[in-house]
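The same chain A turns up in both complexes below, where it pairs with chain B and then with chain C.
Then we have the complex of A and B:
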């Protein structure tokens, strides 16, 4: 079995299984912890609070927007850029159709792909630089956080280096790094892609019941 | 590299003033039919070639400038820029072996030198610059340095990846450079004291540290090399990324020449910056990592800035006392 066959075959299926089962397991563990009941009489609706928290947290709290402007800009550039690349880059759309049997949808044009890649890259670099240079974020960052940033950067970089789609080794390298990221994902802080919803819901529900503005 | 400027000038001339073919019939009596054919193919005859294909350069069968550029790139650019880069590294190594790095006994008290945003933008620019340097060096020198070792198949992969990476990170360099310029230009405007600092070579040849403000003369020179060189590589890079912006081939050749020369100058100068920021002047790197430098370091290397900090601190202190 060649490296290409291994990466395209067994490793892909293994990564896929770890990714989905790992995420499911993490979410089940969180939900199985249960909800410690609040015996106090609710002042307002907890449900309204949870819905409000889910969306209001997309904007910074009043008063700190300017202070975290760089972090905020980097965050939005990276996350929106990454989602656009994941879902609408032409090679990805073709891949989903071919390997996951999903119906193909309209990919973004090449110029948009390049532009979005640039924005995502600059966002990721700003985020990581803020993580290592800001004394506060440096203190609360673990090795795993840095590993997540570096791995994500390498996945994006290898994808862009393979953009010419003329050399199989570059595609295999990109695919291999994607698989490593998928295997690492459920065990890392990258899980925030899913857990941020639970965290905001829980916080919003608790605050909502107590009448704290969310 | 003796006549590089002539070449650049020729390219510039070719862009502004397209080559004028010799007027009138040739008086040359050598009637070699092969030579005549190739003279016509190369467009050296009085009458230009005709074609039904409409478009710029469509009547050009062989572009002579392409061959000139190929010779320039292979014979001059690669060789002399290689000499320059190797020479700068050797000089820095020799200086370090003979002189060692400048070191100041620390006081233990820290002062803020660079804000968080300034450090982030500096490292963003540095990171993108390094990525562009690695990929650019592969593109410029790879055929001569990497290919003999890697073989054509591996080199094709490396070169393709470098090209895509270089094209992708180029625009990020422009963004980072502009941001960096806006943040730092105010402190990099030349002052009289910088000339004195430069005459004394920043104290590197002995005689103690000459006075300097927030940035010394050497740092300001690096800033302006980066700005002007960065502008040159950015402009030429945009032309190379989007060839439809210009008409004809000669502007593209000129862009390649400018891009190559400016990039090599930037890389050579960056070696000096990296050396001084790490081994050459101990304590500098810490300033760009944490933002803080030791007071003794600030006093030794940037005494005018240090005194200004003290004056501000005293003024604030007396204002507080008056307020109480």
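Then we have the complex of A and C:
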């Protein structure tokens, strides 16, 4: 078996399994802790608070935005850019159709790919520089946080290099790094892509029933 | 009537003596880590686990914390204050505990001593960080768990411990018990007020606070006048009058439960439909949100902060006030425990509008208001004095930016903190109580 065959075959399936089983396991263990009930008389609906918090937290809290310009710029650029690339980069659309049997949709044009990639890179670099240079994030960041940033950077970099699909080794390298990231994902803080929903729900429910706009 | 600052300074001196009055704790040094872990284990539910799992260590919470904003010291980063809880979760309850037990060190006793400072001295549980976190991590809720854990390990700071021990053993706070309450009641009766005490049955049970008896006499007088003016069937009870709950502030659940139960028992016995909490910030969540949980079943009565009660009367058209504030520009400080933790925002503003004042908002207000710096018992923690001063300086700048002539609040703890700051800096803006203003504005 060649390296390409290994990366395209067994490693891909292994990565997929670890990714989905790991995520499921982590979510199950979180939820298995159960919920402490609240016997206090609610002022308003906790459910409404949950729904509200799920969406309201995409925008900075009033008065906080002016203090977190770097986080905001880096955060929005990176996350929006990443999702645009994941969903609309032409090779990804083709991959989803071929390997996951999804119907193909209209990919973004090449110029848009270049622009979005650059913005996403800028966002990621801003966030990582902040993590490394800001005394607060330096204190609270773990090795895992840095590893997540580095792996994501490498995946994006190799993806850009492989864009033209002219060099097979570059495509294989990109695919290999994606698989490493997928295996690492359930063990890391990258899981916030899922856990943020639970966390916002819990906060929104708690304060929603107290009648506080979350 | 302004607070007698000499009496206030005497009170401050008393507060500074508190650490010397604290009794040693029962938890041996060797059992502290186990005591902390026992609380962590009991308190981590799916909500807490979600919060711990969702944090990406972005540091935005620091930008919401008054102590960080004022010092720039990363130690005050709110999520950092939860490090022992996070470590316990990862090593002992998390989905990959087997892995983290290999690569992450366990909690040690020295950690607890370090985090005692961070969780008590430099956190008022104000919750502003919870509202700033983009992931929705409820840091304030977890600080409460941290305090409970440290309290279980006998690590409550001495000043706070002294008051908690007094309330736990004698049922009094700062030496105020039924005798001192009755002296205050008699003083009001001498002035011609009818003050119902220990009635068998009453629709409304009114609580008071030690600070109202010792310092803020007008708050108690105004409450009596308001209740009588509204013609409410009310009473104060000598067995259950103290709203303050130093069990909750310190994190010592046994005392919290006992203090709450005393009130709940009496409210049920006299058939109260409503229990009114005085202008004592933490007393509100202690009864309104935690009371039923401590009691073990829903409370058969409503719990309202006095500012909330008056506000509702005004909003429902049942209470008219004289517009005593014409031409006065004021700003309102939302007490964290009543506002951000309780949802009481509109009622006090309705009262201020009824008073006819020109109400201007602080740059950060309502659920994003900055804390006074003295909440969650910091006012009685001597080692936190420096931090309280820093928080006051921030508030002072914000008040001055509004051009308000006075700062109005509805919490004794906020008032104490602001008065201490005013006294220290010789600030010229009066700190006023909402209930006292209403007392002055009742129709003849």
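What we mean here is this: the second predicted complex is superposed on the first by the 214 of 214 C-alpha atoms of A that agree within 3 Å, B and C clash if a C-alpha of one lies under 4 Å from a C-alpha of the other, contacts with A are read in each partner's own complex, and residues count from 1 in each chain.
Just so we're on the same page, contacts are C-beta pairs under 8 Å (C-beta built on N, C-alpha and C of every residue); 3 or more make two chains touch, one makes a residue touch a chain.
Note that the structure is a prediction, hence the values are computed from the model and not measured.
Considered on the superposed chain A, chain B and chain C are sterically compatible, since they fit side by side. Using the contact criterion defined above for the overlaid structures, shared-chain residue A:90 touches neither chain B nor chain C, since it reaches no partner. In the superposition on chain A, A:38 contacts chain C only, with no contact to chain B.
Contacts of A:134 after superposition: both chain B and chain C are touched. Judged by the touch definition given at the top, the superposed model places A:204 against chain C, while chain B stays out of reach. Across the overlaid complexes, the C-alpha centre of chain A sees chain B and chain C at an angle of 110°, to the nearest 10. In the superposition on chain A, contact is made by A:63 with chain C only, not with chain B. Within the superposed three-chain model, A:108 lies out of touch with both chain B and chain C [touch as defined at top]. Looking at the superposed arrangement, the partner reaching more residues of chain A, out of chain B and chain C, is C. Applying the stated contact rule after C-alpha superposition, one finds that A:80 touches neither chain B nor chain C.
When the two complexes are overlaid on their common chain A, residue A:16 makes contact with neither chain B nor chain C.
Distance between chain B and chain C in the overlay is 8 Å (nearest C-alpha pair, rounded to whole angstrom). Comparing the two interfaces of chain A, the one with chain B and the one with chain C have residues 130, 134-135 in common. Those residues of chain C whose C-beta lies close enough to touch chain A in the complex are 43-51, 53-60, 62-64, 68-69, 72, 74-75, 77, 79-80, 93-96, 99, 130-138, 141, 288-293, 295-299, 302-303, 339-343, 363-364, 367-368. Residue ranges of chain A in contact with chain B, taken from their complex: 70, 114, 117-118, 121-122, 125-126, 129-130, 133-135, 157, 160-164, 166-167, 169-170.
Those residues of chain B that touch chain A in the shared complex are 116-117, 119-120, 123-124, 127-128, 156-157, 160-161, 163-165, 168-169, 171-172, 175, 289-291. Per the touch definition, chain A reaches chain C in the complex via residues 25-26, 28-41, 43-44, 53, 57-58, 60-64, 67-68, 71, 75, 130-131, 134-142, 145, 187, 189, 191-192, 195-196, 198-204, 206-207, 210-214.
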